[in-house]
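Next up, some structures in structure tokens.
Each of the two complexes below includes chain A, the first together with chain B, the second together with chain C.
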Partner chain A sequence: PICTALTTGRMTDDKDVLRDVWFGRIPTCFTLYQDEITEREAEPYYLLLPRVSYLTLVTDKVKKHFQKVMRQEDISEIWFEYEGTPLKWHYPIGLLFDLLASSSALPWNIIVHFKSFPEKDLLHCPSKDAIEAHFMSCVKEADALKHKSQVINEMQKKDHKQLWMGLQNDRFDQFWAINRKLMEYPAEENGFRYIPFRIYQTTTERPFIQKLFRPVAADGQLHTLGDLLKEVCPSALAPEDGEKKNQVMIHGIEPMLETPLQWLSEHLSYPDNFLHISIIPQPT
Partner chain B sequence: MEEDEFFGEKTFQHFCAEFIKHSQQISDGWEWRTSKDCSEGYMCKTQFQMKPGTLVSHPGTSAHVQTCLPVEEALELPPDDFEVTETTAGSEVVKYEYHVLYSCSYQVPVLYFRASFLDGRPLALKDIWEGIHECYKSQLLQEPWDTITQQEHPVLGQPFFVLHPCKTNEFMTPVLENSRKINRSVNYITSWLSIVGPVVGLNLPLSYARTAS
Partner chain C sequence: LSKMAEESESALQLPPSTAAEGEGPTEVSPETATPDPPSSAAVSPGTEEPAGDTKKKIDVLLKAVGDTPIMKTKKWAVERTRTIQGLIDFIKKFLKLVASEQLFIYVNQSFAPSPDQEVGTLYECFGSDGKLVLHYCKSQAWG
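And then the complex of A and B:
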């Protein structure tokens, strides 16, 4: 549904877009790493992963399934890998998939590890509190960009808690009851102060590009996705009369470059209020 | 990019350059690094310390003092002036790396750091927490997730510990206001680092303060 709306430019009910983003799922097959020590054969485990959530938040069942065939002493912190790349649990699931696996056939095949935690590559995830702290830290940073932290700081602790509980329990209405306030802006402005975004590419050393960028130009024109890329990541765009080398992907789709950035920020942000944008090679 | 705030990226780079100039004069070890694919950079320094939790006691005092001494200072104490009454078994040398980056979201500098033993084994968050200076512990105990957390280094992409930047403006504003009052210009980075550094074992020699910015 988002596909049609954004690639043909046909107007669609904005609320539907929010729901489609929230309920996006990726069919995934989890397989235990072959060198893990098991007492009997471990069957793969299939799960639909929510694009907007985090791996360590939604894989309790996966952990339990594999721990059933292992001895306690062979189990330490769980971590996930795709085609040799350790998966960063602190990146949203949809971002990881778009960036690393979107050109491959479904289901997404993830390997599960219980030993040799890659200390140099991955953050530890000692508890659900760590995920909550990370999530809230991103939400706060996004609001620092959008509203100089005024909206998030005005909220009570229970509102912050509601954002987290909404995400954790997959409760769209509970989440958006609070999040809608983070999507407002003063009547006299045409948008947020700066747009919270991060652009990811596997080909660079740097994990992502994040810069200050306003949604509205000095003359009052709304900046587009194309304007953003031209300014902060020009290599992502095809040269004037050259061939398209890359896909610019958010939530598994390629929005038209003419889409206003303010609209994208309000409708295609992840629950952390950031636009996480993947630049991937055009599949042949 | 946009720089309508008083502490934009260019200002950050300027103060860091001044800071590093002085560091070079006193061989304090700070360097500037840039990543291959962008113009932004950061300051960094490596230092070696005794692992937090090493207990060193002076004769005549009954209290055990938890310290985080730079290795050179610990070794310089003449043997008959102090008596090691207790050390944790196998106290070890820890390598600390400190990185000062600019946060465009909060428009303040941010202190990233990581610690490992000489064999490469990293220190865990709980070891870091235990090594925090006594006077900061009470704040940390109340809200541990608010102050020091493990995060991805935005340029290197590797796990580092971070002192959270959202309270920076709170403590820097009085410093800057005071410097305006007494009409003496101040290097923002020097002032900021002299406040946050000691929390995590990073101390600045006093000569930084005497340098005009």
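And then the complex of A and C:
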């Protein structure tokens, strides 16, 4: 549904877009790393992963499944890997998939580890509280950019909690009852102060690009996705008469470059209120 | 001042402390004469470096929250690719905190960036008057 609307330019009901984003799933096959010590054979475990959530928040069943065939002493912190790349639990699942695996066939094949935690590549995830703290920090950072933190600071602690509980329990209505306030802007403006975005590429050293970028130009025109890329990541765009080398992907789709950035921010942000954009090589 | 682009672990050698053990002011001084850091330090005191060039350092101003010890040298030139975790480790060493003690860093007195976040990016988005102000605290100040 999002594909059709955004790639052909036909308007769809904006609320439907919010739901489609929220309920996006990636069929995933978890396999235990071959060098893990088991008491009997470990069967792979299949799961539909929510694109908008975080690995360590939604894989309790995966952990339980594999721990059943292992001895307590062989188990320490769980971590996940795809084709040799440790998966950062603090990146949304949909971002990881788009960036690393979207050109491969489904299901997404993830390897599960319980040993040799890669300290240099991954943050530890000691508890669900750590995920909540990280998530809320991102939400606050996004609002610092959108509203100078005014909206998030005006909310009560219980509203912050509701955002987290909505995400944790996959409750769209519960989440958006609060999140809609973070998507508002003053009547006299045409959008947020700055757009919270991060652009990821596997081909560069830097983890991501994040800069100040206004959704509205000085003349009142709405900036587009193409405007953003031209300004902060020109290498992502095809040269004037050249061949398209990259895909610009959000939630598994390529929005038209003419799409207003303000609209993308309101409808295609992740629950943390950031637009996480992947630049990946055009599949041949 | 360091103009070397060479990266290194936060290598500032701390001189023997002259601060009172336990009593007295909680201010920790980098010593009577601020030692020059090894030329390849990723964090160095003060700065007059112009901003703009992505290879240059950015200015960070560190402010203590609550009863967290105050750093005598508050203004540091930090390489853009230094992470928040790197900065935390540096402050902990400088303040002589034990490894197990936690230290939280906040931007805009509102959010705690991820430990792998680069200070250069934070400076671009949240810097003002040519510097990035960071508040640090031994306990969670702003959630």
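Rule of thumb we're sticking to: the second predicted complex is superposed on the first by the 284 of 284 C-alpha atoms of A that agree within 3 Å, B and C clash if a C-alpha of one lies under 4 Å from a C-alpha of the other, contacts with A are read in each partner's own complex, and residues count from 1 in each chain.
The rule is short, and it goes like this: a contact is a pair of C-beta atoms (placed from the backbone, for glycine too) under 8 Å apart; a residue touches a chain by one contact, two chains touch by 3 or more.
Predicted model only: the values in this text are computed from it and were never measured.
> Under the superposition described at the top, does placing chain B and chain C together on chain A give a clash or a fit?
clash
> Check the contacts made with chain A and report whether chain B or chain C touches more of its residues.
Ranking chain B and chain C by residues of chain A touched puts B first.
> Tell me the contact category for A:Leu145 with respect to chain B and chain C: first, second, both or neither.
After superposition on chain A, A:Leu145 lies in contact with both partners, chain B and chain C.
> For A:Glu119, decide between first (touching chain B), second (touching chain C), both and neither.
The answer is first: A:Glu119 touches chain B but not chain C.
> Quick check on the superposed pair: does A:Met165 touch chain B, chain C, both, or neither? Answer first, second, both or neither.
Touch status of A:Met165: no partner.
> Return first, second, both or neither, reflecting whether A:Asp129 touches chain B, chain C, both chains, or no partner chain.
first
> Determine, under the contact definition given at the top, whether A:Leu212 touches first (chain B), second (chain C), both, or neither.
both
> Would you check which partner chain A:Thr204 touches, where first means chain B only, second means chain C only, and both and neither mean what they say?
Once the two structures are laid over each other on A, A:Thr204 reaches chain B alone.
> Between chain B (first) and chain C (second), which, if any, makes contact with A:Ser137: first, second, both or neither?
both
> What part of chain A is shared between its chain B contacts and its chain C contacts?
90, 123, 133-134, 137, 140-141, 144-145, 149, 194, 206-208, 210-212
> Could you pull out which chain B residues touch chain A in their complex?
Result: residues 1-2, 35-38, 104-106, 122, 124-125, 145-146, 149-152, 154-155, 157-159, 164, 166 of chain B touch chain A.
> Okay, in this complex, where on chain A does chain B touch?
Touch residues, chain A against chain B: 88, 90, 119-124, 126, 129-130, 132-134, 137, 140-141, 144-145, 149, 194, 196, 204-214.
> Could you list, by residue number, the parts of chain C that touch chain A in their complex?
81, 107-108, 110-116, 118, 121, 124-126, 143
> Where on chain A is chain C touching in the complex?
90, 123, 133-134, 136-138, 140-141, 144-145, 149, 152-153, 160, 194, 206-208, 210-212
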